[in-house]
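I am attaching a structure below and will ask some questions about it afterwards.
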Amino acid sequence: MLKINKLNTYYRESHILKDVSVSVDRGQVVIMLGPNGHGKSTLLKSICGLVEKIDGQILYDGQDITGLASDKIVNLGVTYIAENRELFPYMTVMENLKLGAYSKNARGNEKENMAWVASLFPKLMQRQNQLASTMSGGEAKMLAIARGLMSDADLLCIDEPGLGLQPSYRVEISQIIKEISRQGKTVFIVEQNIPQLIEMADKIYIMEEGGISFEGGKYDVLNNEQLKEIFLGL
Amino acid sequence: MRKTGLLAIIFTFVMLTTTSVFAADTIKVGVPLAATGAYAGSGDNYWKGIEMAINEINKGGGLLGKQLEVIRFDSQEFAPEVVMQGANYLCGKMKVASVHAGWAGWGQDIRAYGKYDAPFFCDDGAMPAVDVYKSDPEKYYNTYFITDTGGDQANSMFNMLTALPYEYPNKKIVIINTDDAWGMEVGDTLSKQFKKIGWKVAKRETVPYGINEWGPILTKIRRINPAIIHIEIPSSQEVITFFRQFIKQPTNSILSYGWSITPLEVLTTLGKDADGIVGEMPAGMPAPKAPNAKAQAWVDQYMNIYKHPVPAGSWIAYTSVMVWADAVKAVGDEYDFKAVNKHLKEAGYDGLQGKMKFGENNTLHAQPAAPIVHYQVQDGKLVALFTDPPLKPYGEYKFQMPRWIKK
Amino acid sequence: MSLKRMILTLCGFYCVMGIMPLFFGGTDYIMNILIMILIWAVVASCWDVIMGFAGIFSFGQVAFYVIGAYASAILSVSMDIPPVFSIIMAGVITGLVGVLVGLPCLRLAGPYVALVTFAVHMTLVPFLRGPLGRAIGSGGSQGILTIPPIKLFGLAFSSDQLVPFFYLTFFLTIICTLVLVLMIKSYWGTAFLALKDSENFAASLGISAFKYKLMVFALTSFITGLFGALYAHYVGMLSTKMLSMDVFTILMIMMVIGGIGKYPGVVVGAVITVTLSQLLAPLGMYRPLIMGAIVVVLVLFLRDGIISPIIRLLSPLQRVVVEEE
Amino acid sequence: MFLEIIEVFTSGLINGSVYALMAVGLTLVYGVTKAFNFAYGSFYNLGGYFAWVLLIPLGVIGGYFSVFFMAIPFFFIVGYLLEKVLISPLRKYDDWEMKVMMLTLGLSLFMDFGYQAIFGPRIKSLPGIIEGTVQVGEVVLFQQDIVIFILSLSGMLCFWWILNNTRTGMAVQAVAQNPAGAQIVGIPKDFIFAATFAISTMMVGFGGILLCQKNFVDPMGSTDIMIKAWVITAFGGMGSIRGSLYAAFILGMLEAFVGWYFGMIHVQIATLTLLLVTLAIRPRGLMGRE
């Protein structure tokens, strides 16, 4: 479904991603691990057209989407859910969700998606008229995920959903991701604070210094004491 | 990098020095006028008069057998530096034989052109400019003011207003003037004169340029209901919007627009609506009929070329070129500045309206041959009611009661 | 640009400027341009330091210049203070005004700073023309027409004698340029650059944005006021017309041509702009039209002003010159 | 006295509606694209000249109705192209905000003197949309003022409605609040930037047509308009449309009452003092937010 060949990205003078190759199959949950600041977020952003200088090839469903504008990529069914949420602060929860369904392919299914999101996030629905800027960190994160789901995407690129959250929220997030995956969506996720997610993973990558240093199944990681200790803190 | 700067400088100075043209068979005449900015309209009026004079001289075989060549300079909005640049460019670099300006910087111009000797004709019409001249008449001997100062013009306005065949219902006047030298001078003089004869200056307001919403001022005026409202804003927009807003709920007042009646747009925009407003023009041409056939021919020619009535400044700017040409002809050498200036100062000139002469402070004071003309708008045109000095009714034209005054 | 290179460049430039009167001393028109180049080069440099190095969107440069000019004119005309002292006092007054303006500005950002500083510019017109201005001796709308020349060692410096005035300006220009260069290249300058890059980052280094920005405002407005005063005594007359948009835009064009924050590019910008403006003056309304077009094209196509492409263009030439030497 | 106050109040109301019209476009473009358009006043004048060319030399059929009808596509296209050609290439620079200011300043110089070169330096007057007066009690009003008041207010309400109730309007707001977030949900940011610029150009062009027929088309008047609009937007809080509306009416009233009570000469100082005091207390203006 998603195939990345030798991707390089640059920010100002620095070379961030170096010859990164990744592949994600339909319906999979793929997890990317690695130390902070080594380019995991950049990879997700590159996929979604949010990074300007890129070099290499990104294929989505066989179509080359390298360097395509972000709105076109969203339209194809790839959505990024940002680590720092990127909500619209002076809009209500409901308005944020509606804007999540801005892209053309999502508009037709807005009602179904809204119902689905409502079932997944009952708490958000109770607060649908609250301004996004007044929400707590955990709620805002939920809203960011919910808004991402509204885009009717097939591939969700989720960036550190559990970062800085209380354990209870992390559990909730892992359950939600399980549910998303069960719906047939493909999930490419950067996350290392939620051990439960590893259990779901079909494939695991580890990124260090802008390059892929490890690729394998979840048991490869779970059985490797060293990796387990470094990246999962177990 | 060092070389860059050096090359840039060399390049620019080669450009600067080579642009001066050394053509010997023409006489260069400098014309620093506002071609852009807020005063461009008045600059255009002066320019038309000057252009007409130059073309006339050139068609008649030139001056001393040489054609006149005009060198224009845009004095923009008369920033001190620009005024000085103009003088340095025209007199210093282009070596013009005379400079014909209109509004030129209210005193700054006297200093800038006083450094040179070429005759400098300007229409500053304000006391501060004359004061600069008076500070060193020797140095500024080449300066000629082609109209009277604001104070003298205001005295004439006062005389006209009191001579109108009209019984004022009360003795209250409202004066609105701009915050520049001209407006203040006229406002001060008028208020002094009216107070002297026992009138009350019920409101004196100094306003900046650019006002289009007169509601607050008109509200006060309506309460006062003065016998005269005098507006002195030498710009067309403000006086037009004032009239439009005044007329929707008028008071029983004579509207005296002073110099502000003269900008071209006032009448072309308001047309017959403006009937009844009075105003004046210094060194003006009485209308609709000129005082003599020669003058009438000139007016007809002007209207033919420019397709509009003669605005303030055109005639006197035309005359200033003619006065200078006359002096050059008498002296026989356009660069003998001493002699040309002496001739200008001492000999008179036989203009379209008669014999005229520069008087005290090199000023062309109002005189029968260059009178202050007081008009009233009648049927959408300026109609001369009086000429001054001496203040006397002009021709058979009669004052008409403004339509908004209710008996 | 390294300190050495910067100083060498400026040295070269001012050496050439310094010998110009030998060739053009007799031509008032060109001497006037040369003097204006010197004055504008410093005023524009100050603006470059504020905008380019300190990263403050100040639009008050012309206002400071006019404040300096008026201050010195009023002091010397109304209070009979010898111009030599009034010029320095004008600089100090402008510096103080700079601090006063800087204080509220430092809490603001972007177009707000531009607006507040420009508001100072806008209030100056009604202030100087109105009763308050007349009370302190601004001469109202007609301005001040009789500003005395600067008298020093028995010599009078004014627009009547251009060559001596040129060298007086030249002397002050050199001093102020040195001060600016030292500021840019000192710890201060480094601090400005850090501030411009990231205020948070600089704060973490212990650089107080507030203190430094205020110091920039004070120093640059002092120098600007000083040159404004010099200008007042040079032309001998002042009016509020100095605050027209034209002067403002011309100054802005110097920076665009020279490149913002590319000191000493702005000095070359001043040379080109003043000359161009003078050359185009006979064209009337086409002058500002062309100037406007130049700004649009330069901003669009030359990100660092005209300097770097000129260097690139001239580098083969330079090599030839060097080889011949 | 009471009648006088009513009259001054109406004058302030008219001022306010005019200012609101001028300011909303500027604040919108700043709020959404963070680009400050210094050529704003020149587009106001473009509106005036547009109407003049159509009405006087061309004598278009339908008068102001056709003028407005043609102005919509004209100004939209002009604004859109302007953003695409001149503004958006600058976005890649770090100091693009400063560059945009300088470029638009140059553009305004170019446009203002371009008008003078084409149409001459003299002012032009337009025929009134409607002539005549209406008497309400003791107060006499121009029908023209009423038309301006109604059109500008309804135009703005309509615009407000579009902004809050349509998908595109919401997208515009989204870009204003969080450009990165907008990109994530698939809003074409560049298009929204250009479209916003186009809409703002359209609004100021409309303002130019409406106000120039009341006053004049003055080639040099653009700086005053720009400064006025700038002061209002900063006072109200840049980017806040509601803020500019309040600011426009507050300043309109201030102008009318200061002019009436203290004299017109004090208006500008009063306005700027109010602005400076407001910014000292609230650095982002009345309704501005971080």
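By letter and in written order, the chains are A, B, C and D; residue numbering begins at 1 in each of them.
The working rule: a contact is a pair of C-beta atoms (placed from the backbone, for glycine too) under 8 Å apart; a residue touches a chain by one contact, two chains touch by 3 or more.
Since the structure is predicted, the reported quantities are computational estimates derived from the model, not experimental observations.
With contact taken as defined at the outset, chain B and chain C are each touched by D. Among the other chains, A has the CA centre that is most remote from the centre of chain B. Ranked by C-beta contact pairs, the top pair of chains is B-C. Taking the mean of all protein Cα atoms as the centre, the chain whose own Cα mean lies nearest is D. Per-chain Cα centroids separate chain A from chain D by 42 Å.
Note on chain placement: the centre of chain A and the centre of chain B lie 75 Å apart, centres being C-alpha means. Centre to centre, using the average C-alpha position, chain B and chain D are separated by 36 Å.
Rounded to whole angstrom, the centroid-to-centroid distance between chain A and chain C, based on C-alpha atoms, equals 53 Å. Residue positions 113, 116, 121, 265, 268 of chain D each touch two or more of the other chains. In chain A, no residue touches two or more other chains. Contacts with at least two other chains are made by residues 35-37, 179, 208 of chain B. Chain pairs that touch, as defined above: A-D, B-C, B-D, C-D. Listing the residues of chain C that touch chain B in their complex gives 5, 8-9, 11-13, 16-17, 20, 23-24, 27-30, 32-33, 36, 126, 129-130, 140-143, 145-146, 159-160, 231, 235-239, 241-242, 244, 246-247, 267-268, 271-272, 275, 278-279, 281-285, 287-288, 307, 310-311, 314, 317-318, 321.
Of all the residues in chain D, the ones that touch chain C in their complex are 30, 34, 36, 86, 89-90, 93, 95, 97-99, 101-103, 105-114, 116-117, 121, 223, 227, 230-231, 234, 238, 265-266, 268-269, 272, 275-276, 279-280, 283-285.
Taken in their complex, chain A has these residues touching chain D: 48-50, 69-71, 73-75, 79-82, 85-91, 95, 98-100, 102-103, 106, 147-148, 151.
Listed in rising order, the residues of chain D touching chain B in the complex are 4, 7-8, 10-11, 14-15, 113, 116, 120-123, 125, 133, 140, 142, 214-216, 218, 220-221, 224, 255-257, 259-260, 263-265, 267-268. Of all the residues in chain D, the ones that touch chain A in their complex are 167, 170-171, 173-174, 177-178, 180-190, 289.
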